[in-house]
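Listed next: structures, encoded as structure tokens.
Below, chain A partners chain B and then partners chain C, in two separate complexes.
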Partner chain A sequence: MERVGVFTCTGCGIGEALDIEALHAAAEDPKPTCTASHPCLCAPEGMDSVRKAVDEEKLEGVILAACSHRAKRQELQLDRAATMVERVSLREQVVWSHPPNEEDTQMLAEDLLLMGMAKVTRAKAAIPISETIESGVLVVGGGVAGLEAARGASGLGHQVVLVEKEDTLGGRTRDLRYQTPARPPYDTLVPSGLPDLVAAVQDDPQIRVLTGARVKSIRGQPGQFSVEVETPSGVESFKSGAIVQATGARPYDATKLGHLGYGSSSNVITSHELEAMLSRGELGRPSDGKLPSRVVFIQCAGSRDPEHLAYCSSECCGVTLRQMAAIHKDHPGVETATIYKDMRTGGQLERFYQAVQTQPGSLFTRGEVSAVEGNGNLKVHLKESLLGDDVSLDAELVVLAVGMVPNSADGEAIRALRDARVRSEKGDSEIQKKEALKVVEELKHNEGTEILNLDYRQGPDLPVLRYGFPDSHFICFPYETRRTGIYAAGTLRAPMDGAQAAEDGWGAAMKAAQCIEEARHGEAVHPRSGDVGVPDFFLQRCTQCKRCTEECPFGTLNEDEKGTPQLNALRCRRCGICMGACPERIISFPDYSVDSTAAAIKAMSVPDEFDEKPRILALLCENDALPALDAAALARTQWNPWVRVVPLRCLGSLNLVWIADALSRGIDGVILIGCKHGDDYQCHYVKGSELANTRLGNLQETLTRLAVEPERVKIVELAHDESDRIPQLLDEFADELEELGASPLKGF
Partner chain B sequence: MSEATPRPLLVVGAGIAGITAAIEAAEAGRDVVLLEREASIGGRVLQLHHYFPKLCPPSCGMEINTRRLERNPRVRVLTRSELKAAQNGTVTIRQAPAYVNDRCTACGKCSEVCPAKVKDPHNLGMSEAPAIRLPHPNAWPYRYVLDREACPDGCRACVDACTYDAIDLEAKEREETLEPAAVVVATGWHAYPLDRLPELGGGTLPNVISNVQMERLASKSGPTGGTIQRPSDGEAPKRVAFVQCAGSRDHNHLPYCSAVCCLGSFKQALYVKEQDPEAEVTIYYIDRRAFGRNEDILARLSEEKGVRLLKGKVGQVKAGDGGGLKLKAEDVEAGRLIEDQADLVVLATGMVPNLKDGVLPLGLERDDDGFGLDDTRARVAGVARRPADVATCVRDATGAAARALASGRA
Partner chain C sequence: MTRHGRVVAEGSVKKLAPRLLMPVDVPTEYSGNVAQGSAPGVNKMASTSALISSPDFRQEVLRRGGETAARCYQCATCSAVCELAPAEAPFPRRQMLWTQWGLVDRLAADPSVWLCHQCNDCTTHCPRDARPGDILQVVRGLVVEGLAFPQALGRLVANARTTWPILFGVPLLFWIALLGAMGQLQSPADFHAYDQIVPHVVLYSVFFPLSGLVMLAAFVSGWRYWRMMGVAAPRAKSFLSGIWATGVDIATHKRFGKCGTARFRRLGHLLLFWGFVGAAVTSGLLIVAIYLQGYELPLPLLHPYKLLGNVSAVALVVGAGILVVVRITDRDRAGASNAFDSFFATVVGLVIATGILVELARVFNPEVPVAAVGLYVLHLGVVTTLFVTFPYSKFAHMLYRTLAMVHEQAAAPPSGG
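What follows is the complex of A and B.
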């Protein structure tokens, strides 16, 4: 674009600390169409003057040189769709953080303006994709979460298809007679609400229920999924806009709990087996059918135990209390005893716990069970922690409160298994085939576990994280998975009880409805909600290296047989990780590209080495590191004036060419600051900061080729609240570079 | 979804639950009005140092939420606003005076000249701040706020210092009415007051603090810049005792379990150990309630040297020598009474729903403890509905928005 206006705010101390005329004069190549300053750009009259200039001068691009782009976002909106806006942070990055009216401060401001000019002149207005969007919702799984999700999506105005693999709806809690109370006084069992829920779903004309069915395949992208479902009466095909996966959890395999007597005595059963008995109204010992005089419950059977399930399943304490109360209600005279590590009854469930504690014939004791002995009549041996003694309890029926295991499929592992299988047969060498066979052996247990059967390059199911839960940010954004438009709900996504699973169903329905709405406008979903720019692939230069298709954390790209990427734009979250991955630099967003960032880096002034003015490029994650820098500026912390900041959508969008370009220009060092990675990652795009680290590992060769010391490139993790640390990091890096001396490439 | 003149979803309270309900509904194409009593949104979570179990800063997720909020023209955020009345489907909203208006650039000149100091509410009164100030570094809107009552008579220092015409000391409150399609109530909670726990030194001994105060002490934007210190003398505590269920699971105080305090203390024990690996920490508990994968943090804590988890109820905390504290507790496992000493005692106080007192909006019902009960007039979300951690609040609020919109359609 050619017509760019520069509008500089002189408020908030900018005008007093900088020579604005000199600043505007510094923009020579390209020269702006017009420049102007305003004492307060964010006041209505300030932006009115900008809008007037845009219309009069027919500006295609506008630089607002004022505060950080994170400040005054609403006030500094231009409302001119065809005109690109670039914010230059003179306030936070220059005058709040550097001494006024000094040469270095002025040079910093001029560089930032030139870099902004370089970016905006290369940006293009994004044209939203406009395609036919389906508004139906597919719900996979007909347990509590799935049933509520179906009701929710229907309630929000969507047609729903509910697919359940069993012949009846209701899932794991199908047989439940009672549930724990959700309303005051919270002390009495209430009848299970499941029959009403099932009836509501079956009677809803907007919901079509397919039982005894499984998903055969899902192709496409949000707003345009093509679904095939195998039903007892043949394959059904339909379109769907978004998907809720609510495939639930299964009880932990009690056969692994031999030390608790399971398997050796038929009178040791699981809580699920007891539930089935209670629902039939036939409480009896499996050995002889006799009504037990005392039932002993063992909590955390295989839970909170690294040998079995490391996590707490959240519902088991409530389940046991419910079962104790049900026994007391329906079989008066039967005693119940519960052995626990910690009773976990959060919220008002505490009141129910207190009510059950006072029921005659109930006993609670804290301890660790060491063994369960006997066959007909049982002895439960435990170290009772309250008295510290080894004691034993007689029991006629022992119930193991087992935890839950999510019914997820590890999509990435399945893909890896399939790839390894191909390599083991068609590998280039015997060694490769052997290695591949090892992988096959290791991953074989994933075979046949497919649930969604997605036609995605990265695998047929949602990627899973720790413990097999398919989430991505379970604290702040609990429904988000790593597949756009597919939301996880219920015990699939985290251990929870039935009441929570019901809320989960509605929440996931909300997300599904939202995804369809955003797809309708060609907008990205979380976290860059509303972004309409999509990546463009210049495929003539593609070398089919597959890095983009492999590295996208959201499975956006498929591949043809040759390995050429195929974009599914409605799956894209706009993080730019593909753009960073591409060695040929052929992937660009309209307003964010390898070229525009490279141009910004080229626009920095690099004084020759005798000037004693080193230059440092800081590539910062705009979600966490940049806000931390803004907060440091707010506290008026100063940092080294040789640093030039370029914000990135995600550190994962880092393209190594930027570093090579910077160093070969004689820039003395490059620091990259991104989010924490690893198990407790904080990267909003899950994999971005990790991938940036991996890429840097591959940079060594380039540095050697350029004859540059490896210490000139540094990558650091930083959290959003570390505003005290980020100026220190920049200063320390500047000191380290000073030790190293000027870049050997300066002046070439 | 294309109604002629769609009525908005009204969300009352802009903590993590209300913000979530508002954004999720707005991005699904609904108009939303989001009310917040305070001058900036975010509620309690922005007073927390880190979230469990990942030990990550709450501002990180909030960064994304505020970005989603400010780009979405469908959400109208009304800060300093409360529901005043509701009748026949029409609600009246009262907005407190905008002494600092939206022309404020957050330049800070007013704060520099302000002669009046107040106890900083963001730091729970543990530090002082000018009467006109930015509430905290992550405030949204990014705008200063004035405690008008704290102004000395006739003082106009801030007005004179402001070059943007952003301060109006004579600003008036305003009212507006609204006919929402549906309502989500997410009015949140406050901590059970320390001074109701005098036997534990609450409100009387300076080195007995609450768990929410501990969050501010650990936070970089807190009164000590993130250094955990004893309030009495600023010393780093060598022995820290956490008293679980302080006023919870107790019919004399809060009969229910607040569901987050165990995890809060486990997390805070790690704060202490991170700052001083030599510090000794004791956690007195009835049950260690770490739901779901939060068990990870308990497992991590159990491996820390110098951390003792003791099943027992603390009955008494008294002043010892030199600011120290003496505890009397029941060691349940040993079956005896013990005495212990600490430099700092943290009372893990529970959450009291803000709906507990006062007139309930929209004729909602509440239980004996003040938690709101869903009905057709409104959906209740977050801690207004039940004690819950952040993940649960977000989960429930998304569901509550859907339920409210579905009932609003009918």
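What follows is the complex of A and C.
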């Protein structure tokens, strides 16, 4: 990009704190095509003047030296496809966070502008992908979440195919007679709404329901999935734009709950078995068919127990309340008692809880069940009950409120199993074959669990997190999975009750619709929503090391037989992790590349040792660390003026050559600030910060070899809300470097 | 110690059982030795091998307006806010739990139930509107009824909601019949004193034996209660050792004074209490005046005995007035009224009102003796109701609360551990 204009905003105190003319004059090599300043760039006149200049000067790129790229996104927009916009954050990173009209502040502003120029001049115009995009939505699973997702997608104008493996729709809640109240005053059971929902889906002309069906294969990418479904009447093939997986959950295997009497007495049943009885309208003890006089419910049966399910399934308290109320309603005179660890009744369910509590014949008590004794008539022994003693309760029927296990398939494990199987047969050595067999043994239980049968290099199903729930960002984008265009909803995604699952179905349907719409414009989905640039692979130099295909968190890349990456651009989220992975540096985005960032690093001034102006390069994750820095600036927190910030799309896009470049230029230290990683990761791209950490570990050795103190490179985890910490981190690092003294590589 | 050993306080619980519909075969064990642990209230109770709840008891609680007990989720806000609850055995959280479980034997033997003055601080702070203060009141009613002797009278008073015509009517008819038979139901000529209508000797011959019977009934109930408490939590000291401190406390209402939020009710109750004491003393002094000092009735208005009587009457009126005002203006704190509560309040109110009217009628309106005679008979009727129902109505709190306080004084110090 050669024709670049620089437009500086002098509003928000920028004009008063900096010498704008000197700033513009500093941009010499490369020299901008034109420079201008405006007192208020974000006003319509401001951007009109920019647009005019773009037309007159035929600019390919513009630099808006104003506020942070996170501010005024709408106001400072240009036609993205035609002109590249680079924002230089003079407001947040310079004038709000440094003393006005000082030499160091001016130098900082000038460096940032030079760095911006370096980036833009090395960028290429992004050409959006323009391909045929299908707008249909495939919904896998016909339970509450799936039905609602189908209805939601249809309501948004999409053709829907709903695939259900059973012969009837409804999933786990198919036979419910009652459901917990969803309307004020939330205190009485209401008839199940499922029949109406099923009817609505079946009557919808835009929804095609395939029952008794399974997904045979899914190929392609968002907007272009080719789906094959096995139905009782043969294989059906169709195209689909996006997929909602709502395969639900199954009850925890109660045979593992022998300590609660399951298996040793037929009168100990699970809540699901009770549900079946209640829906038939015949409450009876399995041992003799007699109506029990007292039913004792045991909550958290196997839940919140590290030996069984470590998590709370969130619906069981509500299920028990519903069943108690149903018993009181249909079988007056039958007593119910519930033993709980904690009653967890979110939202308005609390009101229903109070209502059931005051129903005659119900008793709730906290306690830990130590044993269930007996065969016909049972005794439930409690310890640590609120009564302060060991207590036992007579029961004629005991109901275990068991938790749920997601109906998911561990895509990565299935792939590992398949690979190991191949290795065990065609391995290079006996040792390798033996090792592979061990892996096969370990992962064998995943055999035949496939659900989506994706034709992805990284495995046929969604990657899962702990406990088998599909990996997604739980708080920020719950429906998102690690496979672009495939959204998880309902109890597959997280434990939840019917009302939540319904909402979840709609949420996932909306994400699916959004994904299709973005694919139509060649844009990335969240979190770089709207980005049209796709990575370019200079394959002539590819060594088939497979690092990119392995490390992409989203399974974007497939491989040919040789292991050469094959891009599925519509799966790509533009994080740049592949770019950071590639040892040959052959992967680059039109507006983000190893080269352009290296150029930016090279563009900053490095005064020599005797000026006593050290330089610190801060590589910041633009999703968490940069917003935190902006927030610190908004609070007018000051930080060290030697710091030069280069935002990265993800710390995972870090290429070590940048650090090597920086240090060899005599920059005194490099600090990398990324998201929290590990089990509770906060990385928007799942694995980015973790990968950066690993890569940096490899670097430390090299540094020692170069006679550079390893302390000059530091990596820190920081959360989005730690705006008070980030200026401190920068200042502390500056102090540490001051103690180390000037970089030994300065001036070489 | 057998696994399903009978309760040591066998008599009391068995007697409680039929009325309170508790399953008689509750296999609760009271062992003499104290389980190691924290709260003495529970420790000293027992190690309980097995319990079953009594839904019938819960039904009974429900019937008496205690349906809110089920809402309790044991957060213990109530015990934390209660000014009266002792740190080593706080209430009423535990009592709420026992109520939910229907552990009537534990409730009946627990002095805490009576240590509460129902200021309802707990009720106003309860996050789930379980109204612990009201529940304790219901439990107190159940205890009074359960320990009543004879049982039938207890049941009669407990059902005052429907049986009130009997409770008021029978004593009234008794007096009308008695006086009618004696030919006294007529306006006396030259009316100046009430012994013209009812000779004192008649009063003595009715009230002295009646008092004896009532005392006997109260003693039986009190004895049962005292034993039950002693079995549940053995006492270190004797009955007498606690009596002085308890007496002082009752005279000053010191403990009640800790209920900061109930200070007006305490004042009202204090006045009522001393008013009754004054009235009782006056009655005694009148006997002294007539038989030892040879006075003629009525005494002159400024006679010290007369003055004491009238001051007591004023205290009663003011005290009762305060209680009524508090009840009306602060409904939340006053708690839900049930029959147990309102029957006693009505009787006391009627005794005070008719007593004062009787005096006023004689002093200001001697020309119309018919009114005076009518009022006097009415007064005798309600006083008799008050007397007879003493061990069975809320009036019995005098007995049970006093015993509970003495028990607390005599209780063993909390075991360290």
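Keep this in mind: the second predicted complex is superposed on the first by the 732 of 748 C-alpha atoms of A that agree within 3 Å, B and C clash if a C-alpha of one lies under 4 Å from a C-alpha of the other, contacts with A are read in each partner's own complex, and residues count from 1 in each chain.
Following the convention adopted for this analysis, a contact is a pair of C-beta atoms (placed from the backbone, for glycine too) under 8 Å apart; a residue touches a chain by one contact, two chains touch by 3 or more.
Predicted, not measured: the structure shown is a model, and the values here were computed from it.
Once the two complexes are overlaid on the shared chain, A:684 sits against chain B while remaining clear of chain C. Taking chain A as the reference chain, the count of touched residues is higher for B when chain B and chain C are set side by side. Judged by the touch definition given at the top, the superposed model places A:389 against chain C, while chain B stays out of reach. Touch criterion met: A:343 reaches chain B and chain C at once. Legend: residue contacts after superposition of the two complexes on their common chain; A:477 is shown touching chain B, with no touch to chain C. In the superposed model, A:371 lies in contact with neither chain B nor chain C. Contacts of A:362 after superposition on the shared chain: chain C is touched, whereas chain B is not. Judged by the document's definition of touching, chain A residues 343, 354, 366, 386-388 lie at the interface with chain B and also at the interface with chain C. The touching residues of chain C, when paired with chain A in their complex, are 35, 37, 39, 42, 46-53, 55, 58-59, 62, 67-68, 70-71, 73-74, 97-98, 100-101, 103, 128.
Of all the residues in chain A, the ones that touch chain B in their complex are 11-13, 39-40, 42-43, 67, 71-75, 152, 155-157, 183-186, 304, 306, 310-314, 342-351, 354, 366, 385-388, 466-467, 469, 473-479, 494-496, 500, 502-511, 513-514, 517-518, 525-527, 529-530, 623-624, 627, 631, 634-635, 675-676, 680, 682, 684, 719-724.
Of all residues in chain B, those touching chain A in their complex are 1, 24-25, 27-29, 49, 51, 53-57, 59-61, 63-65, 67-68, 70-72, 102-103, 105-107, 134, 137-138, 142, 163-164, 219-221, 225-226, 249, 255-259, 287-296, 299, 311, 332-335, 367-369, 371, 373, 386-388, 390-392, 394-403, 405-407, 409. Taken together, the chain A residues at the contact with chain C in this complex read 335, 337, 343, 354, 357-366, 379, 386-394.
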